[in-house]
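Shared between the two complexes below is subunit A, which pairs with subunit B and subunit C, respectively.
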Partner chain A sequence: MAAPPSAYKDRHFLAVIGDEDSCTGLLLAGIGHVTQPPDAQKNFLVVDDKTETSTIEQAFDNFTQKRKDIAILLINQHIAEKIRSRVDTYTEAFPAVLEIPSKDHPYDPEKDSVLRRVRRLFGE
Partner chain B sequence: MAEAHEPTTTLPASTLLESKQALTRSLDNLLQRYLSLLDQHQKLQQDLNNHLSNGYLSLAQANFSNPNRIRYGQDCCDDRMQASTIVSVKDASPSFSVLDSVAEYRTLASETNDLKFGPLPEKHADGHESTFEEKDKASGTPIDPLKWFGILVPPALRASQNNFKSAVIDVVPALASVSNEMKGLEIEVRRTRKRLKKAN
Partner chain C sequence: MSGAGDREAVFPTRQSLGLMKTKLKGAETGHSLLKRKSEALTKRFREITRRIDEAKRKMGRVMQIAAFSLAEVTYAVGGDIGYQIQESAKQARFRIRTKQENVSGVFLPQFESYTTEGNNDFGLTGLGKGGQQVQRCRETYARAVETLVELASLQTAFVILDEVIKVVNRRVNAIEHVIIPRTENTIKYINSELDELDREEFYRLKKVKNNKQRDNEAKEQAAASKRRGSDKENTADDPGATDILGEQEDQDVIF
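Coming up: the complex of A and B.
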């Protein structure tokens, strides 16, 4: 790992952008964290049909760029599809972004950004 | 590269050939490692799928069997929640590991009866540690998220928690480590390919 220790030493939390069941399950696993007030920030975003794409993008930017305490970001693959360009162009090592299946949308390797990178590497 | 431009002697040509061979060998090694990581990634992703689908199924069962017809969701969650599952990142392979501080606390408390247990043995980041110490002082133990939903929760919800926990603790850190290592290797492969192109 080429990243300096300052890039990851304060990163202790998992974050999630997902539908209600994914968030509930992962919160049950104990990943949920709300920072101390007055600037209380959650480390998860529940996405439903009414959630705007801009809100998802904002949360993605917040978890990947602004917050320095997130080590791994989990995002439902069908939600990642909505902000695909952002997810595919994300190249930083920290936080690591992982695409996970949801209850209604099983994991499709064809859509995963990791597999897209593999194809790019061998297609050059 | 400096040797490659000396046209008079035969040595530079042989060194060039050797360096080309070395580069090809190292590219082969890198690609071999990359493909084995890809295989590992696919297996881990399959594991993650299994854990999560079991978790979703148990959660659906818990919701179905709930006599109050209240959905187990974020509405019941504590707005002051503190993470009990903590990631630790280190400069080694695998780089990520996840720690369940509730389980750790229980094991350690039963062994030592020491309430000032910190959940991160190897990394004591200032802000984070104080949060946990405060919580430990206040309640004595990190709060199990299952308690948000009451004392007598259905067994399906407990099963769901176990499935999600094993996904987060066993599979997610391994997957993140593999994914990051693959990213690093991709950069190295591209660099080696470029050098090989220049050498040709």
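Coming up: the complex of A and C.
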């Protein structure tokens, strides 16, 4: 049934997995947060061509499962495409995973995991 | 509905019949309530899916504008500011608050964005040149993030509602196709057993009555025949008991 309030009460931040431009823009908006040292953790991951898929997966798992203070995870669609199986199997309500377009990759509704679920539910 | 197959293991008594009837009534009430709940949720669900579709498209446009304004910044500043910004991000200014909305007993969380005042990690960004563009870009991205937050709450509501609707529909179907037929079967079974008992009882009473009647008749007959027998004796004796004061002359008494 519905999630208990404890599941989302302490979730205050957004997290980003994106290319440099998306991250820069979103950080400019003021979503960047670094936890207190000693274990300083950023809530964003900048992905470029050289970033390993395993790093992205690790960050995805970290943001979705380990950290309890993230309410929304934004991920660039072309990066979500790299870890598509992870994103598709992720069905939790918290944090919400949102696929966003990037500058170089226009948004394609056909690839979005949630929109595909919407389509499937309505039998299209 | 299978005939005698699926029923609950109860003894066919009047008490359990009453229990089963209450249960059936409860199941029917519950069924109609759950059905209505499911309909309300589905209505809400459809509305949300429609809004998600719209919001996703809107997001595409908004992000495009935001990306363009970032390109403006890069042009105006005359270099890449990405590294500087990533390093100077310390405290989130833009944060999320969660509220709850109650839709027919289901709590849907709603994200709400708010900005904390007073801390600004990027005070010096674009100090040299392009400060105006940086400012504009921040505003554009802040608006974009607001759209994203809105979309995220829709999406969370979608995920939760999807799950809840599945659960509710499963319950509705379970009540409709399992519990109600089974209870009806049980009631039918108890009724038939009770009827059977009734018939048996009736037959038994009839038999007892017949037996009693027969016995009574036999007794009466016996009594009647006995009476008749004694009557005969009486009639045989009777001539001796004539009227002594009658016309008959008394015989002479000889001493």
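Couple of notes before you dig in:
Rule of thumb we're sticking to: the second predicted complex is superposed on the first by the 120 of 124 C-alpha atoms of A that agree within 3 Å, B and C clash if a C-alpha of one lies under 4 Å from a C-alpha of the other, contacts with A are read in each partner's own complex, and residues count from 1 in each chain.
Keep this in mind: a residue touches a chain if its C-beta (ideal position, glycine included) is under 8 Å from a C-beta of that chain, and two chains touch if they have at least 3 such contacts.
None of these values were measured; they are calculated from a predicted model.
Of the two partner chains, both subunit B and subunit C are touched by A:Asp21. When both complexes are overlaid on chain A, the residue A:Ile72 reaches subunit B and subunit C alike.
By the touch criterion stated above, A:Ala29 is placed in contact with subunit B and with subunit C alike. Contact with both subunit B and subunit C is seen for A:Phe13 once the two complexes are overlaid on the shared chain. Once the two complexes are overlaid on the shared chain, A:Phe60 sits clear of subunit B and of subunit C alike. When both complexes are aligned on chain A by C-alpha atoms, subunit A residues 1-2, 5, 8-9, 11-14, 20-34, 43, 46, 71-72, 74, 91, 93-94, 96, 98, 100-103, 106-107, 109, 112, 114, 117-118, 121 touch subunit B in the first and subunit C in the second. The part of subunit A that touches subunit B in the complex is made up of residues 1-2, 5, 8-14, 20-34, 36, 43, 46, 69, 71-72, 74, 91, 93-94, 96, 98, 100-103, 106-107, 109, 112, 114, 117-118, 121, 124. Contacts from subunit A toward subunit C in the complex involve residues 1-3, 5, 8-9, 11-14, 20-34, 42-44, 46, 71-72, 74, 91-94, 96, 98, 100-103, 106-107, 109, 112, 114-115, 117-118, 121-122. Those residues of subunit C that touch subunit A in the shared complex are 49, 52-53, 56-57, 59-60, 63-64, 66-67, 69-71, 81-82, 85-86, 89-98, 100, 106-109, 111, 115, 120-122, 125, 134, 137-138, 141-142, 144-145, 148-149, 151-153, 155-156, 158-160, 162-164, 167. By the touch criterion stated above, subunit B contacts subunit A in their complex at residues 34, 38, 41-42, 45, 48-49, 52-53, 55-56, 59-60, 71-74, 77, 79-89, 91-93, 95-96, 98, 100-102, 120, 123, 125, 127-128, 131, 142, 144-146, 157, 160-161, 163-165, 167-169, 172-173, 175-176, 179-184, 186, 189-190, 193.
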